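One chain, chain A, appears in both complexes that follow, with chain B as partner in the first and chain C in the second.
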Partner chain A sequence: MSVKARQRTGWSLAFVVVVVVSLVPVFWLIMLSLKTPESATDGSFIPHHWTLHNYRDIFNQTVFTAALRNSIGIGLISTTLAVLLASSAAYAIARLDFPGKQTILAVALLVTLFPQVSLVGPLYNLWRQIGLFNTWPGLIIPYLTFALPLAIYVLSTFFREIPWELEQAAQIDGATPFQAFTKVIAPLAAPGLATTFIIVFLICWNDFVFAISLTATNAAKTVPAAIAQFPGVSQFTQPIGDIAAAAVVVTIPVMLLVLLFQRRIVAGLTAGAVKG
Partner chain B sequence: MTGDSIAAPAAAEATATGPGRKRRLSDRTRAERRLAFYLVAPAVIVMIAVTAYPIIDTIILSLQRASLDKPGQNAFIGLDNYGYVFKAHLFWMDLIHTAVITVISVTIEFALGMLLALAMHRVIFLRGLLRSIALVPYAIVAVVAAYAWQYSWSLDDGGWIPRLLGITGDPLSHQFGTYVAIIMTEVWKNTPYMALLLLAGLSLVPDELLEAAKIDGASTWQRFIKITVPLMKPAILVALLFRTLDAFRIFDVIYIFSEGANNTASLSQLSYSTLLERLNLGLGSAVSVVLFLCVGLIAFVFIKGFGAAANPATEAH
Partner chain C sequence: MAEIALEHITKRYDDGYEAVKDLNLDIADGEFMILVGPSGCGKSTALRMVAGLEDITDGELKIGGQVVNDKTPKDRDIAMVFQNYALYPHMTVRDNMGFALKLARTPKAEIAQKVNEAARILDLEQHLERKPANLSGGQRQRVAMGRAIVRNPSVFLMDEPLSNLDAKLRVQMRAEISRIQQRLKTTTVYVTHDQTEALTLGDRIAVMRAGVLQQVGAPMELYNRPNNLFVAGFIGSPAMNFLPAHIEGDVVKLPIGDVHIPDALRARLQAGPGGGRDGVIAGLRPDDFEDASLISGESAGTTFRTKIDVLESMGSEYYAYFTVEAEQVDARELQELAEEAGTTDLPGREGTQVVARLEAASHVRQGQEIELWFNAEHLHLFDPENGLSLLAE
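Up next, the complex of A and B:
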């Protein structure tokens, strides 16, 4: 009994440590964003003068509002394209027997881990020649380099768990393979598709290397790049409050997605790690 | 063209004459492969188009004298760029920075990730909440994570860490402090992902086996080392491989912290600054190719190790 109790205390302590360590830096950012510019560096956890000044400030700057629009638009388009293309490929990988599918999965996996900076030079060069530099397609295309393989990989693990027999049953009832896909499998696959969409979107939302290399102005600059280049009061001071407020704004949707879809995201991230 | 491709299946069926059973099977197999091809082709074509073109172009550029501030002077110079890279002190320094950050952060992430995975596996109350909160660092934008930690570390910005530790000098003004801050950010951000990959492995360890060992008198540590670790070896190797490759390309966190100042620049930083700040496409591409080859080498070593280590694990059954 006392051993059990001690174990319970141990795990409870671990729980508290995880919660504190995970949330302290985020809490620090939120508090920074609520401080007045004069007190931003006072080092206190709780602001002495609460203010929403920083938030009003960033939403009055087109640098930030344009970046927010770019991040959302580019992220949604890249993710949609990647998930659309990946869904048919992942279906084939999960359901059909054909040579080379292990190769496709292995290559997809390696491409997602490819150093993105290795692609930046030629893209920068080519984009400037053909007018894609600093445009939405100019970021969407490079985002596909990691979004598409990631989508293929995560989706095929989800598709593998769908019951095979239903598709065969539909085919016996006279459905073509294509009908079996759209009428039977697609609805079953919808949760996996949604999860893949979230995971891929988070990765696009997170990109920094392509965003600072292939954009120059409000026309296509995404939030991570915009935050890193926020204009300060002078060349030598960083606008801490503005950066903190912008960081909080881009973190809120991420937090909501994670809290709402925690179980599915965990499943999506881990399913592929252990091959049966 | 269109007529050909429609007629082709019919012709194939007509010519395929063999023993009845075998022919039926191969027809089905062939139809399945054809469908698979049509389903896979669009994704594979797009993947090759968006990835292979820049990779091949990087390799070609790395063999040329190509600088954007000297247009029209491009020329093939063989492996000269590589010779220059390997002779440059800066390259070796940045390779060492990258290796140090990668090895230390992945090691710490592995140790903490294992503890977190065990906690997620064992904790029964509020398990969903624990997982959600642990996912926050993973899901947060890397640039945001970097700023959160930078403001926590920076003495000038009133950070809480120097005051907590009683440090008087700015930790971010020298190499050691910057290293610690960068590694801590990496560890904070990536430990949850490591833990999730390990958690997937933990769930494969049967409880009965651990229970039996406990009855036989094995201590907690013995059970962990002799049963849990061998059984989850594949998951461990996958987790280490993913995180090592990801850590080796580190860019955003260092960019925010120091832009590579205080001798903490990574290979990705070197490649970026050579390409886009010095506009030397040839040299920068050579660095990119070397970075790419390093990643390939790491993957190769891991996969070799993976194959070798996975076999004894299955034999142990």
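Up next, the complex of A and C:
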């Protein structure tokens, strides 16, 4: 075997190992979700009886459907707000020289380092007093707080990569700063916006700490919190099958999002903007 | 159509650095004005101030008689071609060219008609629906031109628009730009660091150095009557040769021999600022040399024998390099030019190298001695102290 072929085999092997290791839990989850409740703990990887019972079961429970609605709603609203706010902030940071620019970035970074758990207690009390407990805004606000700094960071790097001349060209062409942003910069930053959207959405979608502490009922409880509180069929059975099915269901939107935007993320729209 | 007037324009940055110092320049309606100079001389900054992309620290900028210091670029009725073209990558060629009109709420039919017209002029018709990424460098450059043309602005601003093209295409596009400008008769300000581009394109050329305007004039004026060492060394290719010289009465003593000052030159020298000084820097253009055997007897000039070190054959002419026993002329202006050209690192050698441009009919051979003739009427003389020309205009 030549050195090159050996190298390739080595890399392929490493690749397979990584893929298997990272996908086993996912398959395990899927298999578990397709088992009957009685055979859930029988120790076999492949189900003896394939069934969609668990899926039918969770979609018949308002606990899950309400949670799904809350998760999607809260996630989308938080993400949209975060991306909108962050894009204007990031644009300013990338383009303008103003006093305190570094401070803003530093403070933003500081917020992301803040341990979320330490905020939960005070927020719980505060939210109860001002009536935000167990509401959508009650979760959207903390999500925004933690998502914004990250979004600003990611977006400002994207904006920095867009040649400044494009904006000046737009200015010369008669565009107002707002038009230059919406018609030239934003379309070019689309891959960046999409990436940021996904990252922020994942943060909101996956959150457990705030969801479990700041919600109580179907009015605002999101899926991660709801799954943890699934009732069993009887008080003596573990709802493992239901939990697995719910977990599979909540990973699907995420997978779809990534697949949908993957091309745009990878493509990088700025090719050909300047000499190449 | 509009004339542009720069009156005492200064650009000072927050750190105190002055990129442009007290620039005065009048550009006539329909004129093709070139701003030329080495990198960092402030030419681009000056252009960007005219465009409105850069604030003017001091002075007044008028376009079409109106002070536009505080106007945004869109209110100045200008179009600009950027060095890297700055095409909108997400739009087709058609949308790129029509963008300004669309922003101005021009009716769709009119936009289409104007874009088609510009595309026809620039030979872009078959590329209108393509994206910039799929175009060649030359095509992108033409789209950038087209984007400026469709708006029919009163001023074109061009910031080194050809510097990203390869040499052959650059020559073609140079002619193209010249043709378009003559056809449209739009006032044009064109920035370049390439003196050949400046000479070939401009109605007038403004040479800048370190933020200061050195000389403004028609290409031939700058070539024949440079008013200082910097302009003399910058304009012309191969560059002017500089030799130390002494003036003794009617004779300029050059390292290559004594040159009797012709009457025309003496009149200019006497009218010039330097009057009676003797130590000077002499400037000799390569074109003012010739193979002495090709010169008829009566021409004013001087002949001398020298050995040709290197001979470059250009087909239509020769560049002959020979060494003159003289100290290298040392002036700040020339030092700067050498740094810009990157020739300061070349290994030092004894004496001064001189380039002569000889006719192809010459029988000159590399390594051989030859009798060369120099046209004394075209001698340039400069003050070694301040670099200014000692000859009156």
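Just so it is clear, the second predicted complex is superposed on the first by the 252 of 276 C-alpha atoms of A that agree within 3 Å, B and C clash if a C-alpha of one lies under 4 Å from a C-alpha of the other, contacts with A are read in each partner's own complex, and residues count from 1 in each chain.
As a working rule, contacts are C-beta pairs under 8 Å (C-beta built on N, C-alpha and C of every residue); 3 or more make two chains touch, one makes a residue touch a chain.
This is a predicted model, so every value here is computed, not measured.
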Task = Mind working out whether A:P187 is in touch with chain B, chain C, both or neither, as first, second, both or neither?
result = second
Key: Between chain B and chain C, more extensive residue contact with chain A   = B
Task = State whether A:E165 touches chain B only (first), chain C only (second), both chains, or neither.
result = second
Message = On the A-aligned overlay, A:D173 touches which partner chain: chain B = first, chain C = second, or both, or neither?
response = second
Key: chain A residues contacted in one complex by chain B, in the other by chain C   = 269-271, 273-275
Request  = Going by the contact rule at the top, pick out the chain A residues touching chain B in the complex.
outcome  = 11, 14-15, 18-19, 21-26, 28-29, 32, 40-45, 85-86, 88-89, 91-93, 96-99, 101, 104, 108, 110-111, 113-126, 141-142, 144-145, 148-149, 152, 177, 202, 205-206, 208-209, 212-213, 223-224, 227-228, 238, 240, 243-244, 247, 250-251, 254-255, 257-259, 262-263, 265-266, 269-271, 273-275
Note = Residue set of chain A touching chain C in the complex reads 163, 165-166, 168-176, 179, 183-184, 187-188, 269-276
Inquiry  = Per the contact definition, I'd like the list of chain B residues that touch chain A in the complex.
reply    = 29, 32-33, 35-37, 39-40, 42-44, 46-47, 50-51, 53-55, 57-58, 61, 68, 115-116, 119, 122-123, 126, 128, 130-137, 139-145, 147-149, 151-152, 156-160, 163, 188, 192-193, 196-197, 199-201, 204, 234-235, 238-239, 242, 245-246, 248-249, 251-252, 255-256, 267-268, 271-272, 275-276, 281, 284-285, 288-289, 291-292, 295, 299
In the complex with chain A, residue positions of chain C that touch it = 51-53, 72-74, 78-80, 82-90, 99-100, 103-104, 131-135, 137, 140, 147, 151, 164
